[in-house]
Amino acid sequence: MPIVNIQVTREGTTPDRDYVTAEEKAALIKGVSEVLRDVLNKPLESTFVVIEEVDTDNWGWGGLPALEYRRRVAAKKEAEGK
Amino acid sequence: MPIVNIQVTREGTTPDRDYVTAEEKAALIKGVSEVLRDVLNKPLESTFVVIEEVDTDNWGWGGLPALEYRRRVAAKKEAEGK
Amino acid sequence: MPIVNIQVTREGTTPDRDYVTAEEKAALIKGVSEVLRDVLNKPLESTFVVIEEVDTDNWGWGGLPALEYRRRVAAKKEAEGK
Amino acid sequence: MPIVNIQVTREGTTPDRDYVTAEEKAALIKGVSEVLRDVLNKPLESTFVVIEEVDTDNWGWGGLPALEYRRRVAAKKEAEGK
Amino acid sequence: MPIVNIQVTREGTTPDRDYVTAEEKAALIKGVSEVLRDVLNKPLESTFVVIEEVDTDNWGWGGLPALEYRRRVAAKKEAEGK
Amino acid sequence: MPIVNIQVTREGTTPDRDYVTAEEKAALIKGVSEVLRDVLNKPLESTFVVIEEVDTDNWGWGGLPALEYRRRVAAKKEAEGK
């Protein structure tokens, strides 16, 4: 009876969306439930999955809000590439 | 100083509502805080309760989004009943 | 299909024990599952409860480890009582 | 690679706001990431911070919704002060 | 930069073990990280996975400690089979 | 009344230890409680901090157990340095 909690930023996988679609959520649920079944023999019906979408303002990385951190990492990579 | 985290789907207890009411939340808070007091002698004022309402799309069971899983379980029960 | 996560310090309810007993854990599980059933009509078999016992060193309150905080609160109360 | 999860009530620090500002969130992220760096030598870029804002209805303290609990504590203090 | 938290009971997949092996944990980590990559295009190196093993006494289902609940479900199934 | 949950690997900050010391835990508790006070005006006594130490086997990064991931990143950096 595993419980899987997935936290992701509230963002889209394509530029025209800023959210995770219901299809993507269903695929996440299916995927991780199958991993639990395949690795630990947990029946699908005994696994609970909870997906939490977190606003990018509320996610920190590198001591910064996530989007700001990504911008700096991208800028640094570009600078190094020159 | 216990911390109780309650995750429930964002649904109503009656067909005309699709959310948990403030009264129900207050009853959950009262109920679980009293359980902690009665079982472990924790004073009410030392217990924190946090309720998280999770969209049904974001809740997985049986490798499926929760509503889809419930539909299949209900359909199966009905079929077995015949 | 609620999930209830209970975090408590690893302590006993009587001076001769420094842990939560299996009976107390069973009573917590029963109690909170019944609260979910009574308030939100959740069937007992759809509720998961996870109890986490946290070492007192790992629990902070008032900017201090929990035991140290309690000592100071008790000392302050005693001083005020005089 | 620490993960820090911060749960706070969705409230403003000034009477005219009922939410945590993006600047305050950035300051929380910076502050706790620096604590992890200073105390445990964790590089800033290895720390994830997630901030969860919880509606006051969904937060319990003293067996009551948080705002109701605060009201009673304030009333009690006032009564004692007389 | 997803965070995946997996809670499972501390049990073995074979009768001679009462714990999850390091190989099984590695397979869980690999599996769920790949699901996040395949569904949401999250690079493997941006996903954190934390596995929590929970003693069976500390896990509740059906209002009972998990092992007791399983025993009753198994007994009921057997009785129905007759 | 914030709740801060800190998950770190069970490791020492010096080679001779493989755990977080009580002093370090106390410094974490003090530090993050002060951040909440300084940024959001939360009184120290209203903040709960819970520290979870996670075995390195139970922590995944880059699709691998954390120690293995670190070894590969270190090896790659060394190779690039040549």
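For reference, chains read A, B, C, D, E and F in written order, and residue numbers begin at 1 within each chain.
Just so we're on the same page, a residue touches a chain if its C-beta (ideal position, glycine included) is under 8 Å from a C-beta of that chain, and two chains touch if they have at least 3 such contacts.
Just so it is clear, the structure is predicted and the values come from calculations on it, not from any experiment.
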(request) Please pick, from B-C, D-E or A-B, the pair whose interface repeats that of B-D, with more than half of the contact pairs identical by residue number. (result) A-B
(request) Give the chain pair, either E-F or A-C, that is connected by more C-beta contacts. (result) E-F
(request) Report the inter-chain centroid distance for subunit C and subunit D in whole angstrom, where each centroid is the mean of the CA atoms. (result) 21
(request) Could you grab the centroid distance between subunit A and subunit D? Build each centroid from C-alpha atoms only and quote it in angstrom. (result) 24
(message) Touching at least two other chains at once: which residues of subunit B meet that condition?
(response) 1, 3-4, 7, 28, 32, 48, 50, 59, 61
(message) Quick check on the complex: what are the subunit B residues that touch subunit A?
(response) 7, 54, 57-65, 68-69
(request) Provide the residue numbers of subunit E that touch subunit F in the complex, in ascending order. (result) 4, 22, 25-26, 28-30, 32-34, 37, 44-45, 47-53
(message) Which residues of subunit E touch subunit D once you look at their complex with the stated criterion?
(response) 1, 3, 48, 50
(request) Within their complex, state which residues of subunit C touch subunit B. (result) 1-9, 13, 20, 24, 27-28, 31-32, 35-36, 38-42, 59, 61, 66
